[in-house]
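First chain A sits with chain B, and in the next complex the same chain sits with chain C.
On to the complex of A and B.
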């Protein structure tokens, strides 16, 4: 065993880049909410980008290492300490057996990624080590970590010199202005033109319910729907549809009041209309949003969404190339 | 007597009452013991108790019931 969890934090889980390929069976993607930060943490310790790390949200865990290890922490801005001494994030660090990794109060962003050389050794379930707590699948016993848990690591793959770092301009930190780009969806015709404009004009606030399943927003005007006779199979509320697939990133608006962006642990289908889909390039940014933070949604075309995806891939490639 | 400020460990919504129709956990001027619940923070559908780590007298609350709170924000002052 290499890691002993002294304090688990709020909802710390083992995550890798996820479990694609089973969403049609109701098993979500899971994996890190901020995939770029997760991959960066892995690269800093000589791992493959998709090795398993710990994802902690809002509150850092306290971990005693029982063997010497090489670690790195990326993602949200949260002070990192080894035996109480503050050290740099986004940097390769050596930690010795019996030393304790802990964290200060979150300053910005939401989620940190703690990578250990070799990667966290939990069983691979359906091709991934990611935890899906709602389905008790994957990760460490299918759940968030508890005090007293012991985690092992796999043998390190490549040596990384302590002090290696990712240049600040290459980090996509929580400082990035929270504007989420949206491609309007198949059900756009269900709302009035005025409601459609209002959705993009209004400023929304992250609701405290926001989690790995979905990010809920409030504060904007309620949507007004185009009147209709409910089709067979759809509920009577105007926001109901005949059950449909929910894509990753889709924005459902139950009752027309509070938009929910479905994220890594989302359900795969249901009967709420979707106004559109947050583009894949902006999904990592959602993973770094705090409750009460203000965001705006901006309408984009498919061409703009594809260009943004290329940019996001180039950002990831630049980080990869720096190793 | 030294005055200390206790910060919020989490972002979310701060509640000073266990339920809307109940009195506050603690009020200004109350003496508190280690382990007393001072309030709740709601985030991700979870309510986390804010538990006193030091005994003393609550001098002031910095937040009202149901106020939004950021991690590290001041919750209350205590005289120890």
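On to the complex of A and C.
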């Protein structure tokens, strides 16, 4: 065993880059909410980009290492301490047996990624070590970590010198007033043109109901629907549809009031209409949003979405080039 | 029935075969998803069939969104010509209707229900024109149901009742979703029944509970050792009402590994079903009961 969880934090889970291939049966991708930060943490300790790490949200865990290890922490701005001494994030660190890793209060962002050289050793389930708590699947016993849990690591793959770092300008820190780019579509035709404009004009706030399944937003005007005769099987509410699949990043608005953007642990389908989808390039940003943070949605075209995707890939390539 | 195509961001294409639910829409969606799978299009990552629609997740670095869209539209004519016959299986699922556990749960969330003074079964019986809860249960368990989608959460089947549309049971979802639903609850919302594979939030009316697990991530249940999820789209289910004593006995049998679900292979023809639902169902039930 290499890690003993002294305090689990709020909802700390084992995550890698996810479990594609089972969404058609209701098992979502899972994996890190901020995939870029997860990959960066792995690279800093000599792992492959998709090895299993710990993802902690809002409140960091306290971990006693039972063997010497090489670690790195990326993602949200949260002070990192080893035996109470504050050290740098986004940097390769050596930790000795019996030393304790802990964290100060969150300053910005939402999720940190704790990588350990070799990667966290939990069983691979359906091709991934990611935790899907709703389905009690993967990770450490299919759940968030508890005090007293012990985790093993796999043998390190490559040596990384302590002090290796990703230059601040190459990191992607949490934005102060994030903008989420949206490709309208899916059931966009269900709302009036005025409601559509209002959705993009209004400033929204992250609601307390924001987790790995989805982020809820409030504060904007309710959406007005185009009248219709409910189709058979859909249900009587104007926001109901015959239960369909939900794309990752899709924005459903039950009752037309509070938009919910589905994320990595998405429910795979259901009976609420969707007005569009957050583009793939901006999904990581959602994972770093805090409740009450202000957010705007901005309409883009497919060409703009694909250009943003290339930009995001270039950011990842620059981080890779640091090594 | 007009097919509608839409992009779900830069990584998904969403295809709505019909905006209302029907077995025709389900079969066309199933044919199209099978055709997409058979074509093995480079860049296609996941194909997810739903009740009357489906979704394809793809990598736009490998295939341009518009190119994939054209491919899918081309497949529509192939799907239209496909035979609506399915080699599938029929499964008997024991259900303890009006059980104490879903009853306790619905009482905890009564203020979120259309009828705070009654039960979900009393409400559903009344709005569907039945004189009693018993008559409603007889109707719910009387005909087979078709698994038209698996999802929401791991392994949860959506079930479409195999009767004429004017006989289909319908009920609205709760006014506000519950934060709790017992595992293996038989629920109903819109025209669909569902079996909650895991404990959790839910908005469907609750009618009963089955002792038969349908999702087992530990893969310890005898019939879930090969794969942790029991249902797939196209399965046919016949509910069998059981009482408390039978439920307890079945639960014990599941626990000691001696429970074996009754499952028979069947062929389902959409045309035969549409021509005479009662006769087609009688044939299916004949196979299930070994006649």
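Keep in mind that, in the parts below, the second predicted complex is superposed on the first by the 321 of 323 C-alpha atoms of A that agree within 3 Å, B and C clash if a C-alpha of one lies under 4 Å from a C-alpha of the other, contacts with A are read in each partner's own complex, and residues count from 1 in each chain.
Criterion: a contact is a pair of C-beta atoms (placed from the backbone, for glycine too) under 8 Å apart; a residue touches a chain by one contact, two chains touch by 3 or more.
From a predicted model like this one, the values you see are computed outputs, not experimental measurements.
Visitor: Clash or fit: what happens to chain B and chain C when chain A is overlaid?
Guide: fit
Visitor: Could you look at A:101 and tell me whether it touches chain B, chain C, both or neither (first, second, both, neither)?
Guide: neither
Visitor: Of the two partner chains, chain B (first) and chain C (second), which one does A:210 touch, if any: first, second, both, or neither?
Guide: After superposition on chain A, A:210 lies in contact with chain B alone.
Visitor: As a test of reading the superposition: which chain, chain B or chain C, is in touch with more residues of chain A?
Guide: Between chain B and chain C, C touches the greater number of residues in chain A.
Visitor: Which partner does A:122 reach: the first (chain B), the second (chain C), both, or neither?
Guide: In the superposition, A:122 touches no partner, neither chain B nor chain C.
Visitor: Between chain B and chain C, whom does A:185 touch in the aligned arrangement: first, second, both, or neither?
Guide: Only chain C is touched by A:185; chain B is not.
Visitor: Let me test your reading of the model: by the given contact rule, A:292 touches which partner, first (chain B), second (chain C), both or neither?
Guide: Touch status of A:292: first partner only.
Visitor: Thinking of the overlay built on chain A, is A:309 touched by chain B (first), by chain C (second), by both, or by neither?
Guide: second
Visitor: Can A:244 be said to touch chain B (first), chain C (second), both, or neither?
Guide: Second partner only, chain C.
Visitor: Is A:38 contacted by the first partner chain B, the second partner chain C, both or neither?
Guide: In the superposition, A:38 touches no partner, neither chain B nor chain C.
Visitor: With the two complexes overlaid on chain A, what is the closest approach of chain B to chain C, counting only CA atoms, in Å?
Guide: Closest C-alpha pair between chain B and chain C: 10 Å.
Visitor: Would you mind listing the overlap between the chain B footprint and the chain C footprint on chain A?
Guide: none
Visitor: For the complex, give me every residue of chain B touching chain A.
Guide: Result: residues 7-13, 42-46, 48, 68, 70-72 of chain B touch chain A.
Visitor: Help me check something: in the complex, which residues belonging to chain A touch chain B?
Guide: 10-11, 57-59, 105-107, 208-211, 290-292
Visitor: Note which residues of chain C are touching chain A in the complex, please.
Guide: Its residues touching chain A are 6-12, 14, 16, 18-22, 45-55, 57, 60-61, 65, 149-156, 158, 165, 172-173, 189-192, 197-198, 200, 215, 217, 228-229, 232.
Visitor: Which residues of chain A touch chain C in the complex?
Guide: It is residues 20-21, 23-27, 125, 132, 134-137, 142, 183, 185-186, 231-236, 240-245, 247-250, 267-271, 274, 276-281, 302, 305-306, 309, 313 of chain A that touch chain C.
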